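Shown below is the structure under consideration.
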Amino acid sequence: VILTLKEIADKTGAEIVGDPEKTITGVSSFEDADSGELTFASDPKFLKRMDQTRAGAIFVPPEVVVPESGGPDLLIIDNPRLHFFRILALFHPLQGPMPGISPKATLGEGVRVGRDVAIFPGVFVGDGTLIGDGVSLMPGTYLGQNTVIGNGTMIKPNVTIMENSRIGKRVIIHSGTVIGSDGFGFTQDISRHEKIPHAGFVQIDDDVEIGAGNTIDRGTFGRTWIKEGVKTDNLVHIAHNVVVGRHTLLVAQVGIAGSSSLGDNVIVAGKAGISGHLKVGDNAIVGPGAGVLHDVPPGKIVSGMPQMDHKIWLKVGNIIPRLPEMRKKLLALEKKFERFRKN
Amino acid sequence: VILTLKEIADKTGAEIVGDPEKTITGVSSFEDADSGELTFASDPKFLKRMDQTRAGAIFVPPEVVVPESGGPDLLIIDNPRLHFFRILALFHPLQGPMPGISPKATLGEGVRVGRDVAIFPGVFVGDGTLIGDGVSLMPGTYLGQNTVIGNGTMIKPNVTIMENSRIGKRVIIHSGTVIGSDGFGFTQDISRHEKIPHAGFVQIDDDVEIGAGNTIDRGTFGRTWIKEGVKTDNLVHIAHNVVVGRHTLLVAQVGIAGSSSLGDNVIVAGKAGISGHLKVGDNAIVGPGAGVLHDVPPGKIVSGMPQMDHKIWLKVGNIIPRLPEMRKKLLALEKKFERFRKN
Amino acid sequence: VILTLKEIADKTGAEIVGDPEKTITGVSSFEDADSGELTFASDPKFLKRMDQTRAGAIFVPPEVVVPESGGPDLLIIDNPRLHFFRILALFHPLQGPMPGISPKATLGEGVRVGRDVAIFPGVFVGDGTLIGDGVSLMPGTYLGQNTVIGNGTMIKPNVTIMENSRIGKRVIIHSGTVIGSDGFGFTQDISRHEKIPHAGFVQIDDDVEIGAGNTIDRGTFGRTWIKEGVKTDNLVHIAHNVVVGRHTLLVAQVGIAGSSSLGDNVIVAGKAGISGHLKVGDNAIVGPGAGVLHDVPPGKIVSGMPQMDHKIWLKVGNIIPRLPEMRKKLLALEKKFERFRKN
């Protein structure tokens, strides 16, 4: 792919300060870009030292101070980062070519497949499953019976999607992830745990991206539901009948126990855990490693274990390492007071 | 599957209050069940509002107050939940049909296979492995050499079971799980870590269920041993030479370090970690996110990091967010005392 | 494999106290070894009770007190543990036979393969990938396009290695692990998270061992870099553009957020988390479950959440369970003081 600055400006609406016919052959970071490459600067620390990148051109925000002479050509636009990554996507397309259905894949009875798909060797598709247009199923992927995969969805290698799952459009699921495993539910018969068959399913809506090594259990009844635009990082666990609201972010190694429900635009930071049967409101934020044991109201920021207001947690975090000193102070004060009282 | 109330009563021993010839075509939750479906109520909150389910029939405990008129037909029995899920299992069998051995599977030399098995495409079975009657090996599963899989065991897609593993009867292993990986053990040669070959194996006893994305390492010597009836949730890590006692439950994202030993009927809640070479006694409970750094006596409940008695942890959890206030109080008291003493 | 004590002494430089012609047919632990087996004792607790092992021979350090009569034959050497495991490796070779390239594997265009390899059924190798001499790719492994696998590297079953990854020599990667998944990075367009294409790659240097179920993301630009001799345990998460220094150890369930950099010979204990864009110096140690939120200087030992000096953490850990008592003391002292002042 080769683009001129003019072509990049036409695609994004940027204003050019420089040579519209200059050609760009790749994209890179501020530090690493060379004279044929495009980069971006939105952070003031980069905007101050624009003479230090060797990039051929640079997306910058309107408030930039254009250097009197020299430096890279500029592409002035709101949200340089966003537009930079959109141009990057032209150089690094997510999808490779769509080679059709490999004879080394196994398709069950009644499977229906859309146009322009890539079904690689070693893929197994269960009976009655529907695969939309432009879907990519990479090697080693398993789809159970009666699953639905929406148009433009990409399933990376060695993903497991169990029966009756419903996956939306333009979804990306990274390798090693398991969708629709049985929930962790048992009934007690005297001293034994007897398995509960899990009759529900997993529903993943449009434009969701699921990281590598996630486990998302099916509902006991009904669905475990990952709504539109949700993004999960790696090694995230989502239990049976959890609902994750629109555009919510779950960072690496988060765990959410059964039947809890998260609102829209929630952020759960890395390694946090959320107990079962709780509600986390819209726009709430859960701090890294937090242990959420009761509901979180909308817009609230909580941290710590057990959870508390994040501002309190910041103070608590300062005090915890001073607990030994605080204890000494208390014991000393006690003694001083007793001595004083006796005299 | 269609069952009459009489057939359900015959299978369970329930007493019918209603029409024995009524037909049931499915099962569902209290809220979602419709007039052809069976549900159950054991919780008082459901028992109080039995007129609010549209279910055709409902398992209830003997202490139920039978409504004067209307409401669903009743099936009166001890432990309604248990019997409900047993009937559910008739509608949602765990095993699909057993199609035999796929020509797209690869079986090594000296592999012996029992009757009535399902070995799907993409399965690899190493030399000398024994596969019992009624075993299901789903697509993408790997079994190393000289492994034993007991009767009625189900291995879900994309599971890896390394050489010499011994898996019992009626075991279920969910997708993405790895059994028998090498333990994390090295010897130090000057500044390098030199690999210890792991000569041991993993033994999993009858009626165990292992969740998705687990990692269970083989012993350095001898076995890592998961005893009868154990259930693990997703993303659980069990290191080399760990012993997990009978009917113990390990919730999601738990980690157990090398050579630790858990008793029978232990519960380890989500995200808890147990250090190496420790003993956790029978019937002990480890709270969510707890960090167990020394032995836990039988029957004891511990929480927190580092671990403490759970009752103390509940108090501590209340005090931690009030530490800033407590510190202020202490400093204020110190000042007041000094001022008082000087006067 | 059968070895005489003389052969073992020749391979290791040990001094024999006993019969050089005695034959050894296996190795085992101090407790389990029988009369045909070799074991080792370096710990004083074993050295004191050498008459209690049934082993045929035993590696011991030079400071051993040779028993007057009886007991096993001795092989005297510095670092008995290291030499024991080297002999163990002769009895339990890591690699099986190298059967060449299975016709059930799929190799893309332009793939080049070295000598003496094992490429098992169900392996998929993308276009342009280079596979060195003596490489083993076990069943279900996926290698993306333009990947490089160095000589003597072993990839266990069901591993996923995405495009452009560079894997060194004598590397071991355990099952279920995902290398080169996209990082967790998005740009914000009004209320939606827009995917950042990840243009970078993962580089793993020589003699690294990666545990089971790890997830190692590719760089956004440039590389995520695991340097020589690093060892990771199971279920470890390493985000985009992280650098892990030489011979560093990452214990199970550790997570490292984007762009953080760890020095050489660092140890990160189980379940610890390291935030993004931080530096952890050479020889630093991070305690189990610690939450690292700012840089760790070289050689420093930190624990706790938030991180603190490990020695302080030991004291803090003792005080936390006594917080309820400390609070009581404080309130009582306050009262006593007020009463005293009033009188």
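The first chain written gets the first letter, and so on, giving A, B and C; residue counts start at 1 in each chain.
Rule of thumb we're sticking to: contacts are C-beta pairs under 8 Å (C-beta built on N, C-alpha and C of every residue); 3 or more make two chains touch, one makes a residue touch a chain.
These numbers come from a predicted model, not from an experiment.
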| item | value |
| --- | --- |
| Chain copies touching (chain A, chain C) - same or different residues, decided at half shared | different |
| Superposition of chain B upon chain C: rotation angle, C-alpha, nearest 5 degrees | 120 |
| Centre-of-Cα separation between chain C and chain A, whole angstrom | 27 |
| Residues of chain A touching at least two other chains | 122, 140, 158, 176, 213, 235, 253, 271, 305, 320, 323, 330, 333, 337 |
| Complex contacts: residues of chain B adjacent to chain A | 27-29, 32, 79, 81-82, 85-86, 88-89, 91-94, 96, 102, 104, 120-122, 138-140, 156-158, 172, 174-176, 207, 209, 211-213, 229, 231, 233-235, 247, 249, 251-253, 265, 270-271, 288-289, 305, 317, 320-321, 323-324, 327, 330, 333-334, 337, 341 |
| For the chain A and chain B complex, residues of the former touching the latter | 106, 122, 124, 140, 142, 145, 158, 160, 162, 176-178, 181-182, 184, 186-189, 191-199, 213-215, 217, 220-222, 235, 237, 239, 253, 255, 257, 271, 273, 275, 291, 293, 304-306, 308-309, 312-313, 315-316, 319-320, 322-323, 326, 329-330, 333, 336-337, 340 |
